[in-house]
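Quick one: structure below, then a few questions.
In order of appearance the chains are A, B, C and D, and numbering begins at 1 in each one.
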């Protein structure tokens, strides 16, 4: 399914929240959408046979954040990339875990590492970092550095 | 898809459930009596070529790595005498475990610096020995570094020189390099002829050549500079970039000569 | 869950019954029966076991031979049956498993991996230690009975390795527990692990009480 | 009977790594599970943003320590697309050879760990013995047993040493005979079937909904294999069959993995023949100078930005031994990748644990989780 067919299939359901469908290397197409129409888009894309959600990723572009969904269609044997831009001061989007249950953990990870909140997520807890970890490591503002010198434990016998 | 061998035999005696795998295990056991798999480690070592030869015959299976053992990446060996202090090992280290420390033998103005490796950080990736232009930092097949003290995991250049002199087999693998390599190029208007690049070049491949001093036109002021320009001998250059980093005017840069 | 020793309840008073001195002759083994000392194991904490056992053994033999005998006996027994804790942290755990496989067979040295820390006297930290697992590592270490040793296997356990700049990694396990032997490698070969165990055995042999 | 939560992990013989399975039990029956990850979260995606493209390869080996070369391959494909570089054909075949040998090594390691979970302690030794032969082959051409640092952007580090292919064929013959022996030890006994049949069932629909891939999905009757469906490297030039089963249980996953190992041997024989016939360069001819070691001290920062190196996005998806692994790499023109996103198949396979564990008994957890083939290094990254 090429970009044009995908646009024709998605446009009626989404309307203005579909920003564009463009060709993209490695994918059938890249579908850019606004977060208002997220749930409709997920349902429509799922309805087109993209039953397998491979990955949810977040990218911090400093001035805004981007959330990516990569879905796979067993019939077409193709990946499709869905992406939405979110403002950096209020990054939130509707969860996809109602449509693809596999999104659950990917969204938890994206939330704790890139600080993108997923509304109505059933279980938005820390997954990789400890509970209560307040940093968001994959933001560009988080710098890594040489560890500070810590006290070395010696045996007291 | 292979049909499972046990599928049609479900109704057999439970003794066979145990006996059949045991028969396979017993065959293995019998074979292990004269063809053992175990290497009696402190006494037999795989890196010993004579032992490997014996093992191939004894075990009767494709044991070990055959005659290819020298590729193993173990502790580094450093030939201090040929080290040119070009810093490339430290710059290519992804784990930032190499520090250049001063060793004896340099002249007082330009102390000789050789790598010191912290094996508490080194991941034995071999990037440093790939980068070494002189082949003086190589990896040996020695893998045992065991110590009760953390400080002893930091190997000084002298200690790695001792390993070099102990004639351990060296890793012969070299990186497959791309054919096009950039060169050191000069931006002539910026150069002030200060000799810093030629002075610090570890391979002495930069020579300062005289350039003609132009005639000053009336009303124009000539720049204050020494009328010399560096010329890089490409065949001797190891592409370490020291000249670029010491240049005060940033007039040297990487590029390809058309 | 809490691993900090300060949160623990105060240690239970060790109760130990020894036969009165009047019943024993100097240099003579006590009679079987009522005179044999017994130790209430359940009242002992792990680190108190060794002094208690020594006292019990010492009551069996003379004062003079106690100094010269018990230390070497304990060291001999300890170094020939090092039981490492069976847990896999990261890459080095696979080489740890390979050392117990057919080719290197670490059980030749009396090294048998056990799954419960209560049965172990050697912790081989085989991989990257993150801050999330740090307090669990300390708990496991404290659950091991004395005397106990720690081997930092590979450069992640030694100094954080390639991950030491990461936000989640402990730069070396010696920041958490005292380490006896460091093994370099990423990961170390199984032979290097065996060499580390032999080094540790040498250390135990020279250990003084 | 009152229900209670118990922790299995982080230090537990079942886990094969460092994770915690919180199980809610009612007597012996599992009512609910809650896997807890992150005990091995090393921030690989973050460290990668601070390294050169080639230096990230050292991290990829450690991401999945039983399938290091497969993850190197995943990363290298994505970064080559992001940097607009074409590898030579021989390098592609070498990478296929690496990945298939890695599949053998990983599956044999899985076999060794899995048989212990169902109580067979002897095949563990056989598995470890045979895996060492594969590692010996790796050592002879990469220089390390587990962390190889073999692939580079634009090719591979070095060509094969002389005599390698003959030695590799000998090892393959030896391994093929051993696979039959493994089957005799496990499938030959009814105890295995009584223990593993109809256990941990995850049907195809649930697999797809919860993102489960790899041998778990193929054992449920869905023959999705990215090597066939979306060929990368030289996989469109070799012949093999996709292994599959219909039972969707622990036995099915065992059968799929054993068949995959045999298919790997079949691929490897073709690839080794090709490598014998076609010598050639293993590194791309035209490569930006900053990609080949050594790196210049000046120009570590901003060198490429000055030269307007083209930006790009690289995406790769490969059939790793555990399932579908993906990398998404953003090249913003700098010398470090702007963002490296890795998707691990084990991450998704564990996240569906509630679907295949609830309803079984506590004693069934080790075989079921063993059949999932957990590698925590890649799921936590």
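Assume a contact is a pair of C-beta atoms (placed from the backbone, for glycine too) under 8 Å apart; a residue touches a chain by one contact, two chains touch by 3 or more.
Note that the structure is predicted; figures quoted are calculated from it, not measured.
Chemist: Greatest Cα-centroid separation from subunit D: which chain?
Modeler: Using the mean of the C-alpha atoms as each chain's centre, the farthest one from subunit D is C.
Chemist: Have a look and report which chain pair racks up the highest count of C-beta pairs in contact.
Modeler: B-D
Chemist: If you average the CA atoms of subunit A and of subunit D, how many Å lie between those two points?
Modeler: About 23 Å, centre to centre.
Chemist: With chain centres defined as C-alpha means, what is the inter-centre distance between subunit A and subunit C in Å?
Modeler: Measuring from centre to centre gives 47 Å for this pair.
Chemist: Using mean CA coordinates as chain centres, what's the subunit B-subunit C distance in Å?
Modeler: 38
Chemist: Would you pick out the residues of subunit D that each touch at least 2 other chains?
Modeler: Only 38, 41, 43, 46-47, 50, 58, 62, 126, 129, 147 qualify.
Chemist: At least two partner chains per residue is the criterion; list those residues in subunit A.
Modeler: Expected reply: 129-130, 137, 142, 144, 146, 152.
Chemist: What positions in subunit C touch 2 or more of the other chains?
Modeler: Expected reply: 102-103, 132, 160, 162, 164-169, 172, 174, 179-180, 186, 189.
Chemist: Please name which positions on subunit D make contact with subunit B in the complex.
Modeler: Against subunit B, the touching part of subunit D is residues 51-52, 54-55, 58, 62, 120, 122, 126, 129, 133, 136-137, 139-144, 147, 149, 152, 154-159, 161, 163-164, 167, 170-171, 174, 181, 183-193, 243-245, 251, 255, 258-259, 281-287, 289-300, 303.
Chemist: Enumerate the contact residues on subunit C facing subunit D in the complex.
Modeler: Per the touch definition, subunit C meets subunit D at residues 85-91, 93-95, 97-98, 100-103, 115, 117, 127-128, 130, 132-133, 136, 140, 162-163, 165-169, 186-187, 189.
Chemist: For subunit D, which residues count as touching subunit C in their complex?
Modeler: The touching residues are 10-13, 16-18, 38-44, 46-47, 50, 58-59, 62, 65-66, 109, 112, 124-126, 128-129, 131-132, 135, 145-147, 376-377.
Chemist: Sort out for me which residues of subunit C touch subunit A in the complex.
Modeler: Residues in contact with subunit A: 131-132, 160, 164-169, 171-172, 174-180.
Chemist: Considering the complex alone, what residue numbers of subunit B touch subunit D?
Modeler: Residues 1-2, 4-7, 9-10, 12, 14, 16-18, 20-21, 24-25, 28, 37, 61-69, 71-73, 87-88, 91-92, 94-95, 123-127, 130-131, 133, 139, 171, 173-182, 239-242, 244-245, 254.
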